[in-house]
Structures are given as structure tokens and as C-alpha cells.
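Below is the structure I would like to discuss, written out as C-alpha cells.
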Amino acid sequence: MRDENQLHAAVVELVALENAQIKYSTVQNWYPGDENGRGGIYNFVTKRGECRGANSRISWTQVETGSAITWKYPSCILTGDNSVGEFYSVAVANNYQQADTGTKMIHIGRNTRSTIVSKGISAGHGQNSYRGLVKILPSAVDARNYTQCDSLLMGAQCGAHTFPYMEVRTPTAIVEHEATTSKIGDDQLFYCLSRGISSEDAVNMIVNGFCKAVFKELPMEFAVEAQNLLAVSLEGSVG
Amino acid sequence: MSLSAINQPAAALDHYRALFASRNVPDDALGKLRRASLERFLAGGFPTQRDEAWKYTSLRRVESRRFAPADAMPIGADESQWIADAGHRLVLVNGRYMPTLSTPAPQPPGVTILTLAQWASHSPTQVADFLARHDHAAPHATPPTANGAFEHLNGAFSDDGVVIDIAPNVQFEQPIYLVHQWCMPASARSAGSHMANPRIIVRAGAHSECSIITHWVGDETAESLTNAWLTFDLGVGARVSHLNLQEEPSRSFHIETTRLQLATNAHFGKHDFALGSALGRSGTLVTLGGPGANVSLNGLFAPTGTQHLDTYVHIDHAAAHTTSQQDFRGIAAGRGRGIFNGKVVVQPGAQKIDARQSNRNLLLSNTAEIDSRPELEIYAHDVKCSHGATTGQLDPVSLFYLRSRGLGESEARALLIRAFAQSMLSTVQVGAVREWLEARVQRRFDLSAGEHS
Amino acid sequence: MLSIRNLKVTVAGKQVLNGLNLDVKAGEVHAIMGPNGSGKSTLAQVLAGRDGYEVTAGTVTYQDRDLLALAPEERAREGVFLAFQYPVEIPGVNNVYLLKAGLNAIRKHRGEAEVDAFEFLTLVREKMQLMQMNESFLNRAVNEGFSGGEKKRNEILQMAILEPTLALLDETDSGLDIDALRVVSNGVNSLRRADRAIVMVTHYQRLLDYIQPDHVHVLTGGRIVMSGDKSLALELEKRGYDWVKEDSAAA
């Protein structure tokens, strides 16, 4: 395998006009480097979208299992009244991978909505960060945001970090953020093992359950692919 | 950016360099520390908004003033601003300890209260040693330096302070009530801006218990900067509660850094109420240094008018089996801006951590702003960490329920705002202080609720 | 006392009440029954003045006044009381404080003197006994941590203290076991008076075994399609709401 790094720096821009809907799904499994962190892709991607028209919707869904380093923050500028921005993300950091990902939801139009669901899985020496901004401008009357941000830790050397920014300037807005970080449940694992399931399969089942809220946003064939990738990425992380 | 804007920081630093030079700081151990603090302050200057820890707070107004240390002022007791019967009283005026206004000796058994100067003259090496050990800018130090510039400024210019020592195993039940008061003679009011750099050190011996109240009040007529630096050093199994009540007047700047160092099984509980000042920043920086250490922080920040109130918390879980809870509420009215930034760090190898953080905010006007940033930085895997943050308006269903029982709209609003604040007030143990706070909060939010109707 | 004519209401753009008529006289107890989604609760909420319900047509006259023109608190002060289906939990606001503030607002409106603390507590204790409520209730926050049954009792306690002229009970029986239902019903029955009207909204006939109505109405599709005496409720119990729907469709 290669032991140098390659750079991937794509730009994706979306614009949704009146009543339009865009769903942008990504499953990323670039080479993450070897188990000692040598080699791998630097995946530095710019993704942004504007819900320009009334009642428009942009939905970003991503499953990030590959790359040595991922920096990626698909964002939505919610300009149109009643427009909706969504961000659903699963990010895996195993071995020496670093995944630093999140979103920006900028609420400008009235009655705009955004939902953020981020699931981070860290194993080995992997470092996973959620970094996100929710900004509600004074014009965004009745805006709503809900953010759920969970991290699952496997292995004593890994890390999970959460950096949410919430800037609210509209009294009629409601912004909610919840985050949890915990290690994979011993009792859940034991329960599976005691039913005759191998530890590898048990981990996969639990991790898949943890990511379910994101996977169900993916098109069917993608979701199956994503589950398989997750299993490959986490191979050997528990033993 | 104009040239003058670029030059301004340097000019500000020149002011403090010249000020220090004019003060004949002796060349003893303490003087050396002060000089080192000055050098660090000058090297870094005031933080800018590029510094993540200051992202939402601009210090331009603080930087543009030429603060000079205030003189000691002989004043009479000002019972109208102080809380009667709050406890064993210690009074500082313009940053200086005032024995005549304070509860007279003898000191309670097991409790030693000295001014910094007294302590230094009794045992200079001990003082130098303590200060050096708690000098968090030193290269070996891991704890956060979010308020570092102000700690250095305090270290360089601190003229006075109070050292409270609780002997091991002593349970001192009466709260120690420390009130800091600003007072300017008419002649000084036009003579520029003044600063005070009080240094407060609390050393709680192993298995000791005490309760400290700090209360910051002022003088409406003068522009001032209170740059307080508090250090709490808790021995094994010590239990300390701290109630901080910031009611500085409307033209003042209030910057406060509280450093906590907790040994094994120590417990620290803090209630932080930020109500006053034009610009206020309360920084609480905690190191949980031994297993079983627990810190519980809660507070209320309630900017109104054009107030800017910033609450910064950094909890460092440096040892395994440590726990922390944070519960902060913000209420922003008028053109007020409230900021909560709470960071929890779990160091590598610090397993079995339980950290919980909650921040709930109420936005009462469309010119107010709340910025919330609850952060988790976790480098260990056997942890349970969570945070939740919400910002919104009063619950419309609750409002309707109260109105359907006959309460007028502004009365119902005021009642719900008070109820939102009440959960922070009801945890205050000292009765006299709780009642004082309840009256303040009630008056304030009855006004805020009225803005709407 | 209450006269509703051709009331049409939309919620979030959806037509919920569609030309409803109802007359209630002093001293009467009316039961409004209907399947889920028929608009029963909407009627109760609109009468109490909740936001988010748009009245697109019709009138509601209460004691010769236009009820819809009044703010929720004005309605309360004029004697309209809504017992909520889902009483709201309000942490930090004391139960007794709310009761006293409400009672005094109403008394002030009537030109009566405010009650003093002692008088008030005596009154509350007496009514609490009626509702078989525990003393600890006095120190708790409004509905906070109450069980379903406790919340409903608390609603009727409030009614007993505020002494409304027109009481609207929104699904007061839902979520109650038999014992709690008996206590709540006894409370309501003790509040029946010649100068007071009660309108109960309910899905099940069960409540009417305990609180006997003078009139029973069936609400479906946003209007009252059938009215009768309490035997109508028994008929409904036997034959289900589909019977009414078919019947009204045929008519």
C-alpha cells in the first residue's frame, strides 16, 4: 500500500428554489491509511447549500468511514420562508483516523427548520469531532432547530469531541441541542454474547442500531452498503 | 483597519508597562513573581475574538481605557448594598481590605484570615511557593488559560487580597461573606478609569468544610474594572461551597477568574449569579485532580439593557473516577447578550468519568442574543458524558394555562420568568442570601416582563 | 348563558369545527361526545381562548357578551373555567400561589376584596379534603411530578376554588382509574348549582355514570349531529359512533 498521502478537495454547491427538494447522500470509504496511521487520503471537502426559495428543502446525508483525515461541514443557508435544512451523519474514526465533521445551519427566513443528527464512532486511536453552528438571525421568526449528537467510544485510546455553537437572536425561535458520549454498552454486548452471537457481530449490531436514525435517511441500496462498510471499518476494534 | 486601530493594543500595553514601572515593586520573591506576571501579560496582551475562549466577547472597550489602580478610600458601612446577616464579613473597598468594616477578631478557631500582605510578611517563602504553584501560565501547567491575560494582569497589579485558611478537619459553619465595594471621591470621578485587582485565596485543609460568599457591588458614578482572581485549593475530602453574586454598577467592567484545584474526594459547589456590570465575564476553571473529586456548578446570567454577560467554564477531569455537573440558565432581555461556554475535558487515561452539563436559556426580546457553546473533549473511553442546551421563549402552553386561571398576561409572563430563575435560586443554602436574591430577581424580571405588554 | 351559532374553526389550515350550534342554560350539565378527532377538544380550547385556533365564522355569546373578543384571563375572570385534558407542569411556580393569584384576580374583577392568607389556606384545606388530596400538595409546584390522577384532581380543586359560572371539562376522565374517577366525579357533582353550567367533553360513556348530564350531544365531523338526554349516551355505548355517522349521513 501507499505510505504517502493524497488530497481530495471537492466543492459541492446546491441551490434549491421554490418548493424544490434536494437530497444529497454520500458514502465515503477512501483509503484510511494503515493501522499505524501511515498513508491515506486527506479528505477536505467544501459542501454548502442554499434553500433560496420558499418551502425548499436540502437534506445532506453522509456516511464517512474512510480517509486518514476528514474535514467536512455540509451546510445550509435557509433563506426561503418555511425552508428546511437537514444533516444526517455517521462518521467512523478507527486506528489513527481523524474525522472532524459537522454542519452549519443559518436561519434567515421565517419559520425555517433544521435537524441535525450526528453519530460519531471512535475506535483504536481514532479521533472524532462534531463541529456545528446553528445561527438564528432576527429575521428568522419562529425558526426551529433540533440537534442530536451522539458519540460511541471503543477502546481506551480513542477520543470523541463535540463543539456545538448556538447563536440565537430571535425570541420566537427554539433551539435544542442534546449530546451524549459513552462507551459501547457492556451489558448490551454481554446480552448478545449470551445469545450465542460472536463479539464481532454483536458490535456490528449495536453500532448499526446506534446509527439507525441516519441509515434510514439513505436510499435502500446505500444503506446496505453503509452497514457493510461500517463492519469493515471497525474490524478488529473489539477483541 | 485603520492604523490607529492596529496601534491601539500596543498603546494599551505601554500604559500598563509604564504604570508598573512607576510603582517601585521590590526585588524580593513576590516582586519577582509580579514582574514575571507583567511580562506574560505584555507578551500576550488582551485576548481578541480570534481566541475561541473569547469568541463572543470583545474586549475593545476594556482595552481602550487607561485603568489606574484606585486609592484606598475610608468609607462607612454601606448596609444598603450589603447583605445583612450573611455571615462572617470581610470588606474590600477599591480592592483593599478594610479591617474596620469587617467582622472584628478574634477569628473563629481553625480559621485564619489574613491579607495577602500580612501573609507575605509572616511567611514570604510560603507565599511565593504557593503563588508559583498556582501560576497556571507556567509551562508545565496543563489547566486551561482561557482567562490567562487577566490572571497575569492581576498578578502584576494586585495590591491586596485575602487569604482564608481552614485547618484540616475544621467544619466552619458560618459562611464567610466577602464583599467588594467600589467607592470614588468626587475628585476621582473625572480623573479617568480605575481598576482593582483583588486576589482571594482559599485553602481548605483535608476534610475541612466551609462556605464562602463573594459579593461584588459598586458605585454608579465611576467607571471601573474589577479584575478578581480567586484560587480555591481543596485538600483531600474537603467540602467547600461558593456563592458568587455579581452586582456591579452599570458602567463597570467585571472580570473574574476562579481557579479550583480539587484533591481526592474533595467536593466543590458553586452558585454563580451574574446580574450587574456593563461587561461581565465569569471564568471558572476546574482541575479535578484525584479520584472521587466532584464539582457541581450552577448559575444564572441575566443581561438586560445593553449588558454583556459571559460565563465561561472549563472542567478538566485529570483523574479517573471524577464527576462534574453543570446547570446554567440564561435570561436575556432588552438589548442584552448572554453567553455560556462550558467545556468538559476528559484527559487520556481518566476512565470512569461522569460529566453532565445543561444550559437552558430564555430570550425575551428580539434585540437580545444568547450564544451557547457546550463542549465535550473526551480522550478516554469509559465515560458517561452528556450535555443539553436549549434556547427559546416562554412556553406558550404554560402562559395560556396561567391566563386561563385569571392571571393577566404580563403577570403570567413575570411568574414564568421568575419560575425559570427560581430553580437556580432554590439551591442556595444560606437563607439571608437566598431571600436577598429572590427579591432582586423578582424586581428585575417584573420589569423585563413588562417590556412585552 | 352560552350560545354558539354556526361556529367554524380551522387549526393550521385544517377545518376542525364546521358550523357548530349549542345552547347551554344556567344549572344544566351538558355532555359532548364524539370519536377521536371530531373536534371536541378544539371546542373546549376555543371557548377558553387558546392561541392557534382560527375562528372563520360564527358567534359565541356568553352572558350577553361576545366571548371570542375576550383575552383568556378576561374569560377566566368572567367565570369561564377550563379543566385541561393535559394539565401543564410549571416547575418553579407554587400550586397555592397560582390558586391565590387566580382567585384574587377574579375577586378583584368582581369588585370584591382580596382574600388574606389565612382565609385562603382555610378554604384550600377544605376543598382539598373534598378532593382527597394530600397536605404535601400545598408545597409542590403546579402539576410538577403529579400522577395523571393527581393532575385531574388538581384541576377540579382549582374549579372548586375559582367557582366558575361556566365550567368546561376536557376529557377529565381520561387516564383515571375507578377510584380517582369517583373522587373527581364527586368533586364535580358537589359543584353543580342552579346558577352554574357544566360542559363535559368526553369520548366514553363511563364518566356519565358518575356525572349525570341533562343533555347529551354527539359531535362528529365538526358539528353536533344528534342531541338527546342521557339515554343517548347509553345508545352510543351499545352501537358505537359509526351508528351516528351512518345515521347523519343518511339524514
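Per-chain residue numbering starts at 1, and chain names A, B and C are given in the order in which the chains are listed.
Criterion: a residue touches a chain if its C-beta (ideal position, glycine included) is under 8 Å from a C-beta of that chain, and two chains touch if they have at least 3 such contacts.
Small disclaimer: the values here were computed from a predicted structure and weren't measured.
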Of the chains present, which has its C-alpha mean closest to the combined C-alpha mean? B
If chain centres are mean C-alpha positions, then the most distant from chain B is chain C
Just give me the whole-number Å value for how far the CA centre of chain B lies from that of chain C. 50
Determine the centre-to-centre distance between chain A and chain C, using the mean Cα coordinates as centres, and give it in whole Å. 47
CA centroids of chain A and chain B: separation to the nearest Å works out as 36
Under the touch definition given earlier, write down the residues of chain A that touch chain B in their complex. 122, 138, 151, 153-183
In the complex formed with chain C, which residues of chain B make contact? 395-398, 400-409, 411-412, 415-416, 418-423, 426
Note which residues of chain B are touching chain A in the complex, please. 348-349, 351, 361, 363-393
In the complex, chain C residues that touch chain B: 48-51, 71-73, 75-77, 81-82, 84, 87-88, 90-93, 98-99, 101-103, 105-106, 109, 141-142, 158, 162
